[in-house]
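Written below as structure tokens is the structure these notes are about.
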């Protein structure tokens, strides 16, 4: 057990630091570019030296580095420290690119990956439907091959930021009679900028609009915009490349949330004294510290085991539920700390000068986290059956 | 020994519920909720016509002379329907004048309140959770200067009861010179709030009475508790009903024991607790020695349970529960208002502990 | 709403009080009798004036009074106040007598009820089996009619205090081929003092021995010791007479437990001060007060509704779970109050001078309450399906 | 960055687990548990032979010179098996002599401790939860008078480390004149406790060292935390395994989502938390500035979780879980010991809050 990094990795860390010192923030004339241009420029340079998109081949715009979980972690730590731009967020880079790398055809890789990595192509996800939330096998959206094109009809929902996306990867039913039901699914790519597609943003409980309903009414897509073969959609959607995605299981999010909560407790008052000295608040923070520290050390262990090609087992299936539980605990404590500000709406565009009402976003958002990407009960089923080995229903 | 509603009380609850289901069904509620000024006078007017405004006003002043329990029972129904009406302020102003007003004030205001000719509200909080009479600092003179926050229906009200230092009260006309009102961006759009700034505003002090401020406080706590019970019960019902209809994996989700047991746990947190507000309302009029404790405990327990229940209900609805279009969001936010208004549960649990004599 | 009793009932209360004043404790020579003799004498007199066994006809040793929930409640309150003996506890008076009154034959009533009420006949319950805990339909214990006798073979478990009982009412499978399975059950009475019966007390987690395993190896019982007809066992076991059992749903137990807990918090110290002034203990007690008071007022409402022939609905199915939850909360608070005494064994025979370790019985016993008479999950199923109307599995 | 056990550490854990599964399977454990004196020296002797006694003893004194993490890993295995052995006292006495003993004391005792020639224990609590060095009042002289409670394996030990006022220590021979020992009726029969009364007992004070008492305290907290993680994990495993085998309503009860989700919730409370004791044990030897906080947090969190987990496990087992014959009861009681010994979680949560620098 050694919580320090080895000399080799410390040297790598110094390299990363030196790169960052020279390259972020941009200097001179470049510092006058618009923010997103600065970010694009920086990302390009970070790819060149091998720090971003490490699992993507150079020919598709990646930096093609051997997988190294620890280097990935060091890059995240150091980039985070100076708030340098990291890999673009979103389902395009996180889901579509790995899927194409594993299951896509050559032209699909060449056509889609580089512009997805550069941010030119934004993607939306088309999995959930009104009656198939966590139950993909129930997908009803149809795709029929007709005159060399897929004709698509149906409805998707919970498609994050689809209103801004250019393309969608969609789970469709192309083989209506296949049994079992999930054998009838295909994974196809669709251009959203066409008359057959209607996108309706859903206003969410916080007032923001992050999710959309997407309606397909004889929308079209070329025959070869399918990833994998017809009927392979289920398998394609499960494909994950061995890449360097954080093995931390969300622990850094838990830690930073907790740190913000402690800062909040220091800044507000209860009975005329800083809340942090209130005995019940103090005790509750310490109890939460137990959970947050558990999550953190658990993530250290998962990271170390990944590095050593070991399987951390049971706990990997638990990460989302652990984050969810911590989010709920933080929400309850924040609720009790912000006092009257609980009666205020959350600010729609975050600004530095926002008051405690910005915690409303966390208070309500913690519910969204519990629901998005598989509700807590779906998580529990997975943990029970895959993790604990309890009998399937 | 009869801890039970009278037939009359049951019928009043039914009448209010019936009126709201017609005048303010979910679609109407959402429409009002999304307005720039989320207020619809006709609904309040309809309730006035049903006698809600006159309920506790003494018969001598054109009222029905009923008790806190009757008002609390209505508050439960308003909570269950998340009704966007200014009952809370109306009730507290009425009570304050009934018990602490001068003869002139009574004669002037009580008939108008009973008839719904004024929209009345209360201005208590001065920032930093100063909800309780002993925390008010606005100095009690005939000219008021200072600030009050989170005045419910503050932009709609004509008559404002202002809490003053030492637990006194004064009435202020909403159009008085020197009073500026500013809508706050409140989370609960069924009871929109405003901030008031007083600059040498002419005020009409209530002569007051022994324990008046405490009585008004306890009434607020009881009504918030009742509203919370109503809201929490409705939230449970809606989750149960959604679980019965919504299908996943080929069957109603309510058949899955995981969700089923969660719904039970939530229901068990809510269903037994109505007696807390019944007892507190009953004690308010009939058991002086227990009224304060009962009101504190009812507010703390029920507002606490309501907010947790509303959150659990969002989760039980899945993605739909997280949308603006779903009714649950309105309940979550009403629960947030009830939780914080008049002080958080922590405050009242601690008061209840002290009042229990431990 | 009126929390006082009406004049009629207050008069009844005065009557009860006067009776108690004259009759308990016993006076003069009678006060020298042994404790159980005094209790028996007192019970006999209480039956004569109509205060105990009110739903049982006079001819069987009861006092045959019209059902009156409120009078029942007043009797419980006043007898409780002076700690006068109430109806004998146990499954004989609580379950067997009502069942016989409703479903038994004349000779069974005459033969069994009077001596059960007097305490001469003690009963054990024979429902659960090792593989049929909450699932009565799975009962395997066989009864075959042979030469005018039932021959019984099988095993029962969780039979409370069977080691002291004379008889058992047993759920047996007499019609092995009946469908559905519960149609094959019969409810029979068995004398436990015979060679074919072996009783083995189970030592429980607290060290006490309240439950038994009972083995039947060709045990015998006369043909007419069956209650109802063969195959009617399921229905017979569900029979309940309209009697005056407490409509309070265990709330008085919750209240008295809470009062003891507050007394404990006053008597122990945390950080050199009475625990009752510790802010976190105080807050937790107040939160628990919310639940206990809810239970109490809910019981007032149930009582009042019963009196008025109304159905209190949903909440009646919740009483056990409410008590269980309060028991768990009390256990956690007691645990934190008794400090080092948590490391001590519970006293086996309660004495007045017992220290805080007597709370260990509650700490562990609260788990027994959660399990006995249908685990909390079984309770949840009942509440969900009968109370909330959720779909059955 | 390597938050991982070495191959050697994994093998030691396996060896200890293997030994216990042979020498102290459930049947043997119950048999020892039910003895008048619930102690079986041969099991401890077997562990000594595996090197457990010598583990942290410096090589110069016949030991293996290993670290707290190694000892804690063994403690986890002992906890998982509810092993009825005096490791806790042994480890603390060894540490105290290693870091605070005179040369003579080291030379005299460390080899004997390594070889298991003495059974050692600690006497800290003086009643009223006086577990921490600053709470000890027994006056530090060469003649001890006073009382100590909850001495683990107190009736079996030959060598007792007594905590003294000011955080000092003295060694006492169990057969010393003036020392009377009396078995307490402890709930956890895997670590039977005794009360000691000292009446002018000859004692051999340790010269001591800066921070010695705090080091011994932290070691105790870490070892209790590790034992608790082991016990809680085993409790979860046994509930999962029972749910897989036990049938009701014609299917394994683990197929019912109600129980299934409860088991998951329990597992989620336990599985991620092993790092708390790993980190605390690592910090004990390597990160001075974080050792106290980490030990306090590990003890508080893990002993708290263990007891709740053990209770949940009883419920998951239904009626069987409530019997003396079921293994779970042994874990519930071991969890009760771990919860209270060295101070309840509340004490250490509050210490952790202070040490976190908030």
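Here the chain labels run A, B, C and D in written order, and each chain numbers its own residues starting at 1.
The rule is simple: a residue touches a chain if its C-beta (ideal position, glycine included) is under 8 Å from a C-beta of that chain, and two chains touch if they have at least 3 such contacts.
What you see is a predicted model; the values in this text were computed from it and never measured.
Asker: Give the label of the chain whose average Cα location is farthest from that of subunit C.
Answerer: When every chain centre is compared against subunit C, the largest gap points to A.
Asker: Which pair, B-C or A-B, has more C-beta contacts?
Answerer: Answer by contact count: B-C.
Asker: Using mean CA coordinates as chain centres, what's the subunit A-subunit D distance in Å?
Answerer: The answer is 42 Å.
Asker: Could you put a whole-Å number on the gap between the CA centroids of subunit B and subunit D?
Answerer: Between these chains, centre-to-centre, one finds 54 Å.
Asker: Mind pulling the subunit B residues that touch 2 or more other chains?
Answerer: In subunit B, the residues touching two or more other chains are 256-258, 260-261, 346.
Asker: Give me the residues of subunit C that touch two or more other chains.
Answerer: Touching at least two other chains: 279-280, 283, 377, 380-381.
Asker: Going by the contact rule at the top, pick out the subunit B residues touching subunit A in the complex.
Answerer: Listed in rising order, the residues of subunit B that touch subunit A are 125, 127-129, 149-150, 184-188, 193, 247-250, 256, 258-259, 262, 307, 311, 314-315, 318-319, 321-326, 329, 332, 336-337, 339-341, 344, 346.
Asker: Where on subunit C is subunit D touching in the complex?
Answerer: Subunit C residues touching subunit D: 128, 131-135, 138, 157-158, 202-205, 207, 211, 269, 280, 335-336, 339-340, 342-346, 360, 364, 367-368, 370-372, 375-377, 380-381.
Asker: Which subunit A residues qualify as touching subunit C in the complex?
Answerer: 278-280, 283
Asker: Considering only the defined contacts, which subunit D positions touch subunit B in the complex?
Answerer: Those residues of subunit D that touch subunit B are 256-258, 260-261.
Asker: Report the residues of subunit B in contact with subunit C in the complex, numbered from low to high.
Answerer: The contact residues of subunit B facing subunit C are 1-6, 69, 240, 243-244, 251-252, 254-255, 257, 260-261, 263-265, 267-268, 271-276, 278-279, 282, 286-287, 297, 300-301, 304, 346, 349-350, 352-353, 356, 358.
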